[in-house]
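In the two assemblies presented below, chain A is common to both, partnered first by chain B and then by chain C.
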Partner chain A sequence: MTPTDAIYVYGAVLKGTPADVFARVSGIDPATEIRLVEGGDVAAITSVVSLEEFGSQVLEAKLRDPDWLEQKVQAHNTVLAAALGETTVLPFRFGAIYNGEEHVRAMLSERAELAPALSRLNGALELGVKGFLDGAAVRDRLSRSRGIDSGDATGGRAYMERKRLEQQLDDDVRAFATSCAEASHERLSAAASEARANPPQYQSDAAREMLLNGAYLVRADREDDFRRTVQGLEERFGDDGVTYELTGPWPPYNFVDGEEAEAP
Partner chain B sequence: MSSASPALQQQVTLIELVDRVLNKGVTLTGDITLSVADVDLVYVGLRVLLASVGTLERLGGEPS
Partner chain C sequence: MSTPARRSGELMRSPAGGQGPAQLADVLERVLDKGIVIAGDIQVNLLDIELLTIRLRLLVASADKAREMGIDWWEGDPFLRRGQKDGELEHRLKRLERAAGIDGDSRSDDTD
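Coming up: the complex of A and B.
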């Protein structure tokens, strides 16, 4: 290290983890290798970065460069993902930078919760599942199944009746979305060790309303079961206009602490 | 699982990745702090996210 260098921390593993786990990946600066820095009962996954790239003055500008950020975010994940299936890894959020190894060791010793968090994760993977609803398709289906025609009946009474039916349909689509989201999350949670229902994100495409934004902590030997559960949901709800996107395995970013997230 | 095209799938994964790496994981005192409007993060993608990356509070080195 030179005075213009700093230490980037990706996450933590248990003390005694062989450094070989990370031998095949390079650091967030591709010219550097990964080093484990031990402190307390854990070890930080680190590499050297230059303050010319990661110093506070330059970093703000760098973060606004999409190509730079994408590359660095990918690199951060690649390092942590090298541990998947090998050992338990506790991911840190992007951007933990220290002035030297002694500061990293001090942080590890102070953070008594890191070792229990690693024990809790116990080698598990994170899988992401998002569910999307084509609301218009559901509405059409419900409408057809009730024989509601959007015909040209005129007159106040027919108009009021149609308004009432339309309102009823809207309510039914909402009720379907809620029950589908709950049923999906429940079945996925049952196939996982822990589950988080993150808030659904707004979609600009109305035919793709997000109804589920879940993260699931899954033991490596149960990953296939979990994938089959997602397939089962597609079979169950696919005809109702619901699609699922499964991503991962990820390092367990959503499970770094034991708090239960809010309901879907 | 999804019938999305490979290009779309790749896009989805990048969005998932950015959401996790920037928004989740253990946070430490002494980190840089990114304030990101969470709602905007995922559906609009990386470029808009960057427009909403706010202040960078301080660079670490002093965990205590």
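Coming up: the complex of A and C.
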């Protein structure tokens, strides 16, 4: 480390974790390797970064460069993901940067909640499940099942009646989306230790609406059960125009604060 | 978006576990919005990060849709509505969008 260097911290693992867990990944600066810095009962996952890239003078401009940010955010995730299946990892948010190892150690000692948080996670994985709704398909199905689409009726009264039925269909599609999202999240939560329902991500394809963007903390030995639960949902709601996407395993980003998602 | 149509195949794939980069929107959501917040020696303005997240999401989604997204992305969402008052969120997003200069952004659609 030189005076123009700083230390980037990705997250924490328990003290005594072998450094070779991270041997196959490079740091957020691809020329650097991962080092574990111990303090208190934990160790910080770190790598050296240059102040020319991460110093407060330049960082603001760097953060405004989407290509740079995408690369660094992916690198941050790749480092943490290297621990999956090896040891429990506690992810930090992007951008914890220190001027020296002694500052990192001081932070680790002050943050007494890190070790209990690692114990609580105990190797559990985060899985993401997104549910997508083909709204037009649902509408068609509802419409057919009610025999609407008798387009031969004319006149003001028939028009008003059709308008009313259309509005009813729209409402019913919304109601279906809401109940499907809630039912899906409920079943997935039951197969997980903890659950979070995040805001749906924007979809540029109007025919594909994200109705669920959930994150689930799953014990490693329950991962197969959880995947089967997702398949069960596909079987249950697939014919209704709903598809699911499973992502992960992820480091448990959504479960670092220890809040329970649902009351027991 | 060039989203693949085959869903059942995707179900068993694990894009985050070190087998190549994960979908950008998923990584952004986690690395910039979640995880323990630790204030290091170098100030990384969290408001900036928040702006950037929104900005990047808009770029991912296509800048053309930015305004539309500002209005639509939480509508009909049962979970968001549960926690937030619509007006409050709308106001916040508008303020962030203005600060991010998204209104004047003419970047072309950049799908992942």
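Basically, the second predicted complex is superposed on the first by the 256 of 264 C-alpha atoms of A that agree within 3 Å, B and C clash if a C-alpha of one lies under 4 Å from a C-alpha of the other, contacts with A are read in each partner's own complex, and residues count from 1 in each chain.
Going forward, a residue touches a chain if its C-beta (ideal position, glycine included) is under 8 Å from a C-beta of that chain, and two chains touch if they have at least 3 such contacts.
Note that the structure is a prediction, hence the values are computed from the model and not measured.
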Combined model on chain A where chain B meets chain C, clash or fit: clash
Touched partner set for A:64, first chain B, second chain C, both or neither: both
Partner chain in contact with A:110 - chain B first, chain C second, else both or neither: first
Which superposed partner A:29 touches (first chain B, second chain C, both, neither): neither
Which superposed partner A:90 touches (first chain B, second chain C, both, neither): both
Chain B versus chain C as contact partner of A:101, first or second or both or neither: neither
Of chain C and chain B, partner touching more chain A residues: C
Touching partner for A:249 - first (chain B), second (chain C), both, neither: second
Which superposed partner A:240 touches (first chain B, second chain C, both, neither): neither
Touched partner set for A:174, first chain B, second chain C, both or neither: second
Which of chain B and chain C A:53 touches, first, second, both or neither: neither
Interface residues of chain A shared between complexes with chain B and chain C: 6, 9, 11, 54-56, 59-60, 63-64, 66, 69-70, 73-74, 76-77, 90-99, 103, 107, 111, 114, 117, 128, 199, 201-204, 230-231, 234, 243-247, 250, 253-254, 256-257
Chain A to chain B touching residues, read off their complex: 6, 9, 11-12, 54-56, 59-60, 63-66, 69-70, 73-74, 76-77, 90-100, 103, 106-107, 110-111, 114, 117, 128, 199, 201-204, 230-231, 234, 243-247, 250, 253-254, 256-257
Chain A-touching residues of chain B, taken from the complex the two chains share: 1-4, 12-14, 16-18, 20-28, 30-32, 34, 38-39, 41-44, 46-47, 50, 53, 56, 58-64
Parts of chain A lying in touch with chain C, wherever the complex brings them together: 6, 9, 11, 25, 54-56, 59-60, 63-64, 66, 69-70, 73-74, 76-78, 81-82, 84-85, 90-99, 103, 107, 111, 114, 117, 128, 174, 177-178, 181-182, 185, 197-205, 208-209, 227, 230-231, 234, 243-251, 253-254, 256-257
Residue ranges of chain C touching chain A (in the complex, touch as defined): 1, 3, 7-8, 10-12, 14-18, 21-45, 48-49, 52, 55-59, 61-62, 65, 69, 72-74, 76-80, 109-110
